[in-house]
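You will see chain A twice below: alongside chain B first, and alongside chain C after that.
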Partner chain A sequence: MEDNILDVRNLNISFSNYGKTSKVLRGVSINVSRGERVSLIGQSGSGKTVTMRAIIGTLPTPPAIIESGEILYENQNLLALSRLERNKIKGSGISIILQDPLLSFNPVLTILRQMEDIVKYSDVRIGISRGHEERKKLITETLRKVQLSDHERLLNSYPIMLSGGMRQRVLIGMSLLNNPKLLIADEPGTALDVTTQKEILDLLNSLVKDEGLSLLFITHNLGVVREMADRIYVMQNGEIVETNSRENIFKKPEHQYTIKLMESVPPLFGDKVTDVKNTNSEVDGIISVSNLSKSFPIRTGFFNRITSQNHAVKSVNLVINSGDIYGLAGESGSGKTTIAKILLGLYGATSGTIKIDKLNLDEQVELKSYRKLIQIVYQNPGSSLNRKRTVAQILSVPLKFSGYSNEMIKDRVSELLQMVDLPVSYSAMYPHELSGGQKQRVAIARALSLEPKILVLDEPTSALDVLIQGTVINLLHRLKKQLGLTYIFISHDLSLMRNFCNKIAIMFKGEICEAGNTKDIFSNPQHLYTKALISSIPVISDKEENLKPKVTYEERSAVLQNTRKI
Partner chain B sequence: MVTYILKRIVTLFLVFLGLAILIFVIARIVPGDPARIALGPLASAQQVEEMRQEMGLNDPFFIQLWNYLTGLAQGDLGKSLLTSRPVIDDILGALPATFELVLFTIFLQITLSIPLGVLAAVYRDSWVDNLTRIISLIGVVTPGFVLAIILQLLASYQFSFFPVTGRIDPGLNFDADITRLILIDSLIKGRSDVFVDAFSHIFLPSIALAAAGIGQVMRITRSAMIEVSRFDFIEASRAYGIPERIVTFAYMLRIASVAPLTILGLEFASLIGNAFVVEFVFSWPGIASYGVRTILQKDLNAVIGVVLVSGVFFVFANLFIDILLGIIDPRHRLREGGSK
Partner chain C sequence: MNHPLGTNISGEDDMGQHRSLTSSQMAWFRFRSNPSSIIGAFIVFSVIFVAIFAPLIAPSPQSAGSFVDFMNRHSPPSRDFWFGTDNVGRDIFTRVVFGYRVSLGLVVGVLGFAVPFGVFLGLLAGYFGNWTEFVIMRFTDIMLAIPPLAMALAITAVLSPNLINAMIAITMLWWTWHTRLIYRIVKAQMNEDYVEAARVAGASHFHIMFRELLPNCISAISVKISLDAGFVILFGAALSFLGLGVQPPTPDLGTMVSTGSEYLPEYWWEALMPGLAILYAILGFNLLGDGLRDMMDVEV
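Presenting the complex of A and B:
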């Protein structure tokens, strides 16, 4: 087609490491026409990022080897260009927006310096000269495009001084500085809270439209794709397995893998939603929290005096019964993890009383028996498991401390592995030999080793791919039934919580703004923040979209305004 | 930034005070009566007692400490038993030579190790990397005095350009009276012959002294560079078309230099310790020969003086590094809660 701005033809790339060669891209063909929004979707390791790097020219060769194929940008083959010619296209022809808004910045330079460098060196390449003032004017104009104001202060800030949403806006601004024609976005906004993510996606959409850009959007999130793409490519193991227009993909996905991806997205509304009930009808209040507050002192100045308090948790009341799966939902900084840490006795509370299993927390927190009552599974098994220890060693640590003999430990370890559906032979493996899902199973097994009654799950699935997420959730359901557990489930993923928790509390700035049965909260949210939150969740069908609570733009910004930094 | 520096200076003062008290206490615990040592084995008990009275050794401990600290505040370190001159004068006489040696060593360390480390990181796993790896290994495992002796042997038989002892050819008529550092003063006064001579004298002892640090700092620079190269923003900068040299030197090296600079600051302590040995081997007229002699003679006032001066060196070097880190990485000072 003549009108293709980008045309990747039959791209084959392999990586060679320590003499081993593995193929990562197999005959990938992707095209983007002018003004079109195209999405590339796939799980981690499917080859999306390699494709992106090959297009923008940051693929390290070696270890990567481009075996065959062409990447045509405006009908010239990028792979055949000289380094100098290729560099001319960078930023001014094709530009990128990276994923993590903090890591994508140089931490030691001000925003102004970073943006100015981009303009400066592009000018050098093209051969025009502009002064500092002219460059600054361009930067200010671009920042206006991404709806940022208060320029002077912003420009003189360092990246850590800005909020996540602002950083993502500045990143988009950076990519626009040299008037690119094609934008490649690598999961922008996924590291942000849903409410912020929605704003960013809306902004990106309007920019593409107003500036007449083309967009190649790389993501693993189907809900986001629905809002961001005209056409979709589905990628699996380095191959494009399906491509179609957005409507067709969502209406009748053809490839097995696409169908599986669709099914793994937890539904937010409709008949597919699972309502979880607590089969234990007893109202025993195994955990009861009243008036819990926690504040952290902020120290500043010459003598490190306490100048103010950061109120992380403000008079929270909770009652959790045996057999509940109690969801604590909220965005980052809302205080949900602080509550979990207080329950585990890792932080002391500033005020308030907590009763767990009919005893005050302070009375039992020092006792060994308390560790047999409540345990935690962390978000990222990659860092919560000691990578220098085998699975068996990891699992035996808590056992040793509670006086198991070596014989008993061995039996218990194999029992635990069977419990989480891992073969006993895995006990000799190290964490890096396991997949993400398997690692999380080991982490769950470790938490269960002392037979606790309560398990705190701190975003146990958010580091995992959707397909694996489902299997871990099923495992958690089974274990709960088998062992009669009570869960406290901390997450920001509301669609997942809709299908997993029987009760939910929505946290907003350290307070619980709404709590109750999950079903009721979702069908009839009362607090404006809950409404804004639910309406920001990307969903995968129009039907669900229509069932979301309606929040006007003004209402939304009124309630969210207070959460922003600077 | 101002709060940041003020905080650093206050800490520095406290460290120095602690050091002064500690070394004083140690000097009082060391066995042997200073008065007896000063007078020699032939003195009578009467004479020793009088000497004790004169040196203030019979005063209560805290009075002694107070007198010592107030003296210190006025720059009075007492008298050396060995030379019978004020310790402060002895030290100030020997200090410039040592200072010059240490400064030149650090200069060598920075100019050799950081570029080599960057090179090793950029050409990772190539022959360049392997070569620097060997160099740094040799540097780290060879003790300074062994290297000093080897260099001296080589210089005596192979490279006669490098003299093996002293700081300057005594035949040259030169008075370093501006900064008291010969290398710098000769440049100021435009005496190139003196500069070349001083350079040839200082080169070997500096290499012997710098070797271990060069090896360490090189490896640390390499791994820090590699770590920084994995950050997303490096990829972003390349994708925006920022030239490779800017990415490597202005972006990556700036962030990566935090680790090697911190190490250089700490290295300073061992540098002063090693300087004692190396100065001795090369007959460098610095503080070392003075230090060694006073230690052997249990000349406590002088020992305290030498230790304190080394401590001041160390503390100031680290203040300098801290300020540098604050400039390089804004997160250092932002975290301290100071203003921008």
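Presenting the complex of A and C:
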């Protein structure tokens, strides 16, 4: 096709590491037409980022070896160009938006300096010269394009002073500085809250339309793809397994892998949604929290004196019955994790009372009996499991400190491994020898070792790939039934919570703004914030899209963080 | 119950084994692919070997003591005297071989006390934070602010100059580096969830410090030790050179350089050969340390 702005043909790339060569890309062909939005979707490790880096020319060689194939940009083979010629295309031809808005900035330089540098060096490459004023004019114009205001203040700020959404906006602005024709976006917004992500995606869409750009969008999220692509490539283990227009992929996916991906996305509305009910009808209030507040002192100044208080949790009331799967939803910084840590006795509350299984947390409960009551599973098993200790050693810690003998510990460890569907032989392995899902199973086993009644699940699946999420969720359901557990499920993934929790509380700025049965909250959200939150979730069908609550821009901005102005 | 979210998902992704290489194999590969680390390991082992079997290797073991052979004084390197002889006719090669014993003894003595002490304080400071951290780290800073040679001079001047006192002087300075290193690592590790997870599991402070945190410091400690070994040898030789360390007739590399330097430049081998011996050992330890650092991927 003549009109292809980017045409990757039969690209084969392998990596040579530790004396072994492994093939990473197998005959990948992707083309993007002028003005088209193309998405590349796949799980982590499928080769999306390697493809992206091969296109922009930042693939480290060695260890990478480009075995065959060509990358045509406007009918020029990029792989055949010299380094100098290739650099001319960077920024002005192909530009990139990276995933992490904080890591992509230099923390010690102002935004102005960083943006100006981009213009300066690309001017050198192209061979034109512009003065400071001219450059600044260009930067201000670009900031207007990404809907940022208060330019003077923004340009003189350092990256740390901006919110995540603003950083991502500035990052998009940076990629637009030299009027590129093709924009490559590597999971933009993934590190942000769902509401902010929504704004970023809307911005990208409008930019592509207004500026006539072509977009290659790399992501793992099917819901995002539905909003961002005209055509989709599905990638698995370095191969393109399916490609089709968006409508066709979502209507009738053909490849087994695409179908699996589709099914692993939890539905938000419709018949596929599961309503979870508490089989235990007893209303016993195993956890009752009343008027809980927690504030952290902020210390500043030369003498490190307390200058103000950060109110992380403000007069929260919660009643959780045994057998509940109680969801605590909210964006980062809303106070979910603080509540969990107070319940675990890791932080003391500033005020309020907490009763767990009739024990009052304030009255110096004996720690050992308390540990047997409530335990936690952390978000990232890579961090919550000590790399230098074997699975057996990890699992034995809680047992050792509650008086188990060595014999009993050994038996209990194998019992626990069986409980989470892991072979007993894994007890001698170190965490890095296990996959992400297996590690999380070990973490669950550790939490269960003292037979607690309550388990706090702090985003237990968010560090896992979507296909593995399902198996862990299944395991949690089985364990709950088997052991009669009560779960407190902390997450920002509302579509997952819709299908996993029977009750849900939405947290907003340290307060619970809405709580009740999951079904009722999703079908009829009352609080404006809940509405905005639900409406921001990317879904995978038009039917679900239409069932989302409608929120206008003005309503959104009333409750959400402003990402356009400092 | 099979929950809808989990249907149609084969166990392959979750339970599949894709371990091609273990981490120790990878580490060994990194070590092996770096020729300088292999050379370093070879040098270090040769030094240790020579030190252990000194009486068997040395051509004239009597030269290690207060032996005098005026017939052969100041003879240049030859087939009989590989490194030549010194001002009283002792075989310099023999004395170098025995000198390694003294040097390695110094390394073991100094690091044997300084490392555990420094690591322990670093763990305490990093783990407890607050006042413990303040007291320990400020004390460390004060010790670091004292010029090492001045400190060693003061100690050996008050006590008598001999090997043990030199060891004490070096030890008193050396632990600070380990404290700082471990403190920094522990501080970073404290942000990891496993520390809190251990606390939630009811683990004691002792358990968290020595069973959870310490294993994460081991690779950094071993790299630091191998780099340190070279510097301790150098520092010990410097003290001996100044006459504050090992006293004659005990063969010490620093003392030998010092005595030999009086006869420069005519009898050049008397200072050069022990000097090269010091260089050889330090080079070995540094190359090994660098290799270990690349292999274990730690920053020291």
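Descriptive notes on the structure:
Following the convention adopted for this analysis, the second predicted complex is superposed on the first by the 557 of 566 C-alpha atoms of A that agree within 3 Å, B and C clash if a C-alpha of one lies under 4 Å from a C-alpha of the other, contacts with A are read in each partner's own complex, and residues count from 1 in each chain.
We take it that a residue touches a chain if its C-beta (ideal position, glycine included) is under 8 Å from a C-beta of that chain, and two chains touch if they have at least 3 such contacts.
Here the structure is a predicted model, which is why all the values come from computation and not from measurement.
With both complexes brought onto chain A, simultaneous placement of chain B and chain C is prevented by a clash. Comparing chain C and chain B on the residues of chain A they touch gives the larger count to C.
By the touch criterion defined above, A:Y73 reaches neither chain B nor chain C. Of the two partner chains placed by superposition, only chain B is touched by A:S95; chain C is not.
Once the two complexes are laid over each other on the shared chain, residue contacts for A:F105 go to chain B alone; chain C is not touched. By the touch criterion stated above, A:R478 is placed in contact with chain C alone, chain B being left untouched. When both complexes are overlaid on chain A, the residue A:D117 reaches chain B alone and has no touch with chain C.
When the two structures are aligned on the shared chain, A:N87 is found in touch with chain B, with no touch to chain C. Judged by the touch definition given at the top, the superposed model places A:I160 against chain B, while chain C stays out of reach. When the two structures are aligned on the shared chain, A:T300 is found in touch with chain B, with no touch to chain C. Listed for chain B are the stretches 2-10, 74-82, 236-244 or 272-280, of which 272-280 clashes with chain C, judged after superposition on chain A. Counting contacts by the rule stated earlier, no residue of chain A appears in both its interface with chain B and its interface with chain C.
Residue ranges of chain A in contact with chain B, taken from their complex: 53, 56-58, 87-88, 90-92, 95-96, 98-100, 103-109, 117-118, 121-122, 124-125, 158, 160-161, 171, 174-175, 177-178, 299-302, 304.
Partner chain A is touched in their complex by these residues of chain B: 3, 6-7, 231-233, 235-243, 246, 251, 254-255, 328-331, 334, 337.
Residues 1-9, 11, 13-16, 18-23, 25-26, 29-30, 192-194, 196-204, 207, 211-212, 215-216, 218 of chain C are the ones that touch chain A when the two sit in their complex. Across the complex, chain C is touched by residues 18-20, 22, 259-260, 263-264, 266, 272, 274, 344, 346, 367-368, 371, 375-376, 378-380, 383-389, 393, 397-398, 400-402, 430, 432-433, 435, 437-438, 443, 446, 449-450, 465, 467-471, 473-474, 477-478, 481, 496, 499-500 of chain A.
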